[in-house]
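Pasting a structure here, questions to come.
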Amino acid sequence: MKAKLAVLVAVGLMGAAVGRAGDNQAIAVDGSTTVGPIAKAFAEFYMNRNPGVNITVSESGSGNGAKSLMNASCDVGAMSRPMKPSEVKGMEDSGRLAKAHIVAMDGLAIAVHPSNPLKGLTLAQIRDIYTGKIRNWKELGGPDQAIVVISRDTNSGTYECFETLVMNQAKMFEKTEYVGSNGAVRQRVMDTPAAIGYVGLAFTEGVKTVPVDGVEATMDTVVEKKYPIARPLFFYTNGMPKKGTHLESFVNLYKTEEGRRIVEDTGFVPVAL
Amino acid sequence: MRTETRGMLDRAFTGTGVFSILLLVAALLVILAPLAVRGLKAVVFQGTVEHRRVLLDKFGRGDRAAVQAEIAEVVEARAPVYVMMDRFQSEVEAMPLSQRRKMRAEFQEVRKLVGAILGDRSGGPASLLMRNQYGATRWDRAQVKLQALLFAETWDYSDNSSFGKKVHTPRAERFSGTALEPMFGYFRGNIGRMLLPRRTVYWGFFTDDSFDSHLFGGIWPELLGTLYLAVGAMLFAVPAGILAAIFFAEYAGDSWAVGFLRTCVSTLAGVPSIVFGLFGLAFFIGVVRVSPSKSVLAGSLTLALMILPTLIRTAEEAIRAVPQTYREAALSLGGSRWHTIVSVVLPAALPGILTGVVISLGRAAGETAPIIFTAAVSVGKPLRLWQTLTQPTPALPWNIYNLATEHEAVEEVRHVQYGMVFALVGMVLLLNLAAIVLRARVARKLRA
Amino acid sequence: MIDSTGCRCRPSLVLDDRTRIRQRILETAGRWTLGAVTSLSLVAVLFIILFIARDALPFFRLRGLMEFFADKQWYPSGAPPHFGALTILYGSGLVALGAALVAVPLGIGAAICLSDILPFRARQAVKPVIEMLAAIPSVAYGFFALVVFAPALQERGGLILSVVAVALGAPLALLAGFVAGDLVADAVPEQRRGTHRVLAGFAVTITGLHLLGGLVEQLAGLRIASGTNALNVSLILGIMALPTVVSISEDALQSVGRELREGSYALGATRAETLLRVVAPAAGSGIAAAVILGIMRAIGETMVVWMASGNAAQIPQPWFNFLEPVRTLTATIAGDMGEADQMTGSERYHVLFAMALVLLVFSFACNTTSELILRRSRRKLRGG
């Protein structure tokens, strides 16, 4: 008898717990590591203002963001590339509507070790390095050292952006080292004199960024659309978030003055309103 | 072969054996030493006044009056810096255009570094991100930034056959003749007065929330998340594991079915941890839908499956180690078989079973791969108990990976990474120590 | 006292029929319940295989076996994509080989030392060390490999390798010298033995040291372009596999009874001869099982390889070049799962499950083999 009562109470508690969690006090953000710093700073800022809300941020890759949004396992999919047609269709098939919010702009800086004398690269040269046509810094007027080519992992939106903007679908050099995040690319380039990599603008401290086609990668050149390897960063939601919900005000944070300052402070470029 | 040669070969053989043991010990030391030493530095370090400010503002800890007195002191010490910067600012405005642009860019860099050391200028506009509000909380980081402020790092590329060499030029030279020039000397001479470094023991590192993606505060959410996951896994795995062990040790015969079951258990033990992760995602979240997305519950279930074989094995060994005479005595007193097991065998086997439980607890706490897809997030608050059913959590193993590779300022949070590794390894090794002590007691009891 | 039936147990040896029947029924029911709970592992294993296979087979249906096992191109997001997993399979194999090269000699050496050389006290002191090595979480090993070891290899790789070479090679050269001296001395007439022994020993030692010196010179000049490579993870995985190898081989050595050893000693054999010629062959299958399980542990490990292997999908040139970055199955699953869109059921998603299936089949095969070996050796020892 007692045992039965206990079970009943436990089930009741569980039900209550599930009910409680359902009232949208929790916002789950999942997706790109590039958008991660913005999402994390937004979450921190928002939770500070609204202590009752728990915002979790997973940094697991853009594709995962799209997938989680499709499965309804997150509320905001953070992505460093636009959704693919297949993903949009997947959303529709599961009765959901992908709504994109461009939270910031970002440039992909070409990063080398500060000791590298390189003065600049053209898009074609970058492509040649990444396809393995140029394999030694000597060929670019540098010292006689094999180039260590570093790329983001194929699961990242950053990789796909680089693939479309720079590679033109040409195949990556087979010796390319893949690492899991922007921070890791930066770290590897910082530690390795002969390395080259590409990172988001927020991740350039400690490495040397190389002008591409004569244009430096800075916030200004990205805003002015001069820098050739630039891309928007997205928050995706399922339809327009309902007015007055925490989700709505969280997603629209990027439009506010504070949001724009946070974007800038984390090293990205706020979008023009 | 001569006897001496044989003796020598024998000694060489002995030497090789001892050598490999020594190598093993050395490997353990080489791995643990840096983790322990640098991990402790997350707790014991030279903390600046900024650290004490953070503690007071965010956690309400510390002697308010004393900290405020310190703040007054440093504000006074910092004032000349801001005076010089303001004077320079107006000087720049008066410069010819081309020079103005160049100076502005350089000044911007200086201003950023001063901000990184001292934090927001009091009275100025407040930053939104904590990383800009507060200066360097640790004296070692402050030193690094001071170096960057005093000496601009440039590279000499004149030798074409190799990579450039690092050259440090004093920044003061770049601003010579301006109002900013004396600031660098002032900084060098008065950095201590501006930051008031003091030996700090920050136990709060383990019990404080983190702020601004781990740039400030402690690792409580991760620690708590790890505990939830590990204990949750035990809740599912221990009953199942012990029951299965009883079956294997007391009931199972030598039939082919039992053999097959045993094979299944050892197969389960051999499944790579990442495969458990995939399975947890596909089954617990995708099919059973224990929670709408990643959650502590889903992670615990996945971990429980993973540690089940270890539990079964250790518990079975412990049960088998109980002398047969115990059982015979109990049975001869008229107890049923089940009764015998519950009231005689299990209590006798308990220490052995506990050893297995403790070791599995450590294993569940330390595994990363199974929780990547099922439970772990990079940022989240510490959860309440009921929230574990539906919400994901940060956890030590995942956040070590995350901070070491994905964080935007890996170098700035290096001490946090070491601190996390220290906490995790410390936790697991303590659990193992407990297991060793337990086992020693069992051995003594059995011998007696 | 209340037993599980809820009735009071009388302290009497004679049970009435009702109680006995009731007990019998409960006994059977309990047995079945326990069996059912135990079958949980069976269910879990079946479900794991089922779920992994369910998502893995579509890949082979869509792209065929040839591409997966024979193609060297791994461009999962290219247009058109290539899903050649050969390089990745190779990477897993290479680091497992490296780990085995570290773990097998060291592990067997340590196991012999533990079972036959060290006194009881020292053994009690060493055991916790091995347990600690086994207990340290994989992410901590990965962190060490990435943050401490990789930069060290990159900056002072040559130095580290030469120190290792000297530490291993110099004693070996010395030993070779002594043995050669003895062998030569045996072959010449009595009166010239002394000089010959010294000369021969000296010559061999010098030659050995000279070769070693050449090797060290080569190694010292070595520039390791990137510290996250196969060598790094092989070493760390080797250390991680050590506890498995040590404890299982030690069990195998222990299970060879005292009688065999005593017999051998009685015939005048030294400890080395006893162990190598008598004990090791008898324990051989157990040691083989230990090696298999150790390799299995190395292949199944995720975090270390994900963090520190460099993740380049390539077959190093030449094939044994451990200084090149490689990519492994586990790291690919962990890293690529993020992009593989599950809902649309793309090949990219299924290929990861195909990899998981390969891992699963491999670990299943390893497990079964080692189990068979162990069972047979146990029977043999019991029978012998």
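The chains carry the letters A, B and C, assigned in the order they are written, with residues numbered from 1 in each.
We adopt the following convention: a contact is a pair of C-beta atoms (placed from the backbone, for glycine too) under 8 Å apart; a residue touches a chain by one contact, two chains touch by 3 or more.
Just so it is clear, the model here is predicted, and its values are computed rather than measured.
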item: Chain whose averaged C-alpha position falls nearest the assembly-wide average; value: B
item: Top chain pair, ranked by how many C-beta pairs fall in contact; value: B-C
item: Most remote chain, CA-based centroid, reference being subunit C; value: A
item: Mean-CA-position distance for subunit C and subunit B (Å); value: 26
item: Distance between chain centroids, defined by C-alpha means - subunit A, subunit C (Å); value: 37
item: Geometric centre distance via CA averages, subunit B-subunit A, whole Å; value: 24
item: Residues of subunit A whose C-beta touches two or more other chains; value: 60, 71, 179-180, 194
item: Per-residue overlap in subunit C, given as positions that touch at least 2 other chains; value: 306, 337
item: Overlap residues in subunit B, where contacts from two or more other chains coincide; value: 372, 405
item: Contact footprint of subunit C on subunit A as seen in their complex; value: 60-64, 66-67, 70-71, 84, 86-87, 89-90, 93-94, 146, 148, 153-156, 159-160, 163, 169, 171-172, 174-180, 188, 191-192, 194-195
item: Subunit C to subunit A touching residues, read off their complex; value: 72-73, 75-79, 87, 150-151, 154, 225-228, 306, 310-314, 324-325, 327, 335-344, 346
item: Interface residues, subunit A side, partner subunit B - complex; value: 13-14, 16-18, 20-21, 26, 28, 30, 33, 36-37, 40-41, 43-45, 47, 54-60, 68, 71-74, 113-117, 141-145, 179-184, 186-187, 193-194, 202-203, 205-206, 208, 258, 261-262, 265-267
item: Residues on subunit C engaged by subunit B in the complex (per definition of touch); value: 1, 3-5, 9, 11-13, 15, 23, 26-27, 30-31, 33-35, 37-42, 44-45, 47-48, 51-52, 55, 105-107, 109-110, 112-114, 116-118, 126, 128-133, 135-144, 146-148, 171, 175, 178-179, 182-183, 185-186, 239, 242, 246, 270-273, 275-276, 293, 296, 299-303, 306-307, 330, 333-334, 337, 352-353, 356, 359-360, 363-364, 366-368, 371
item: Sites on subunit B touched by subunit A in the complex; value: 127-132, 153, 155, 157, 160-166, 211-213, 285, 292-294, 372, 376-381, 383, 386-387, 389-393, 402, 405-411
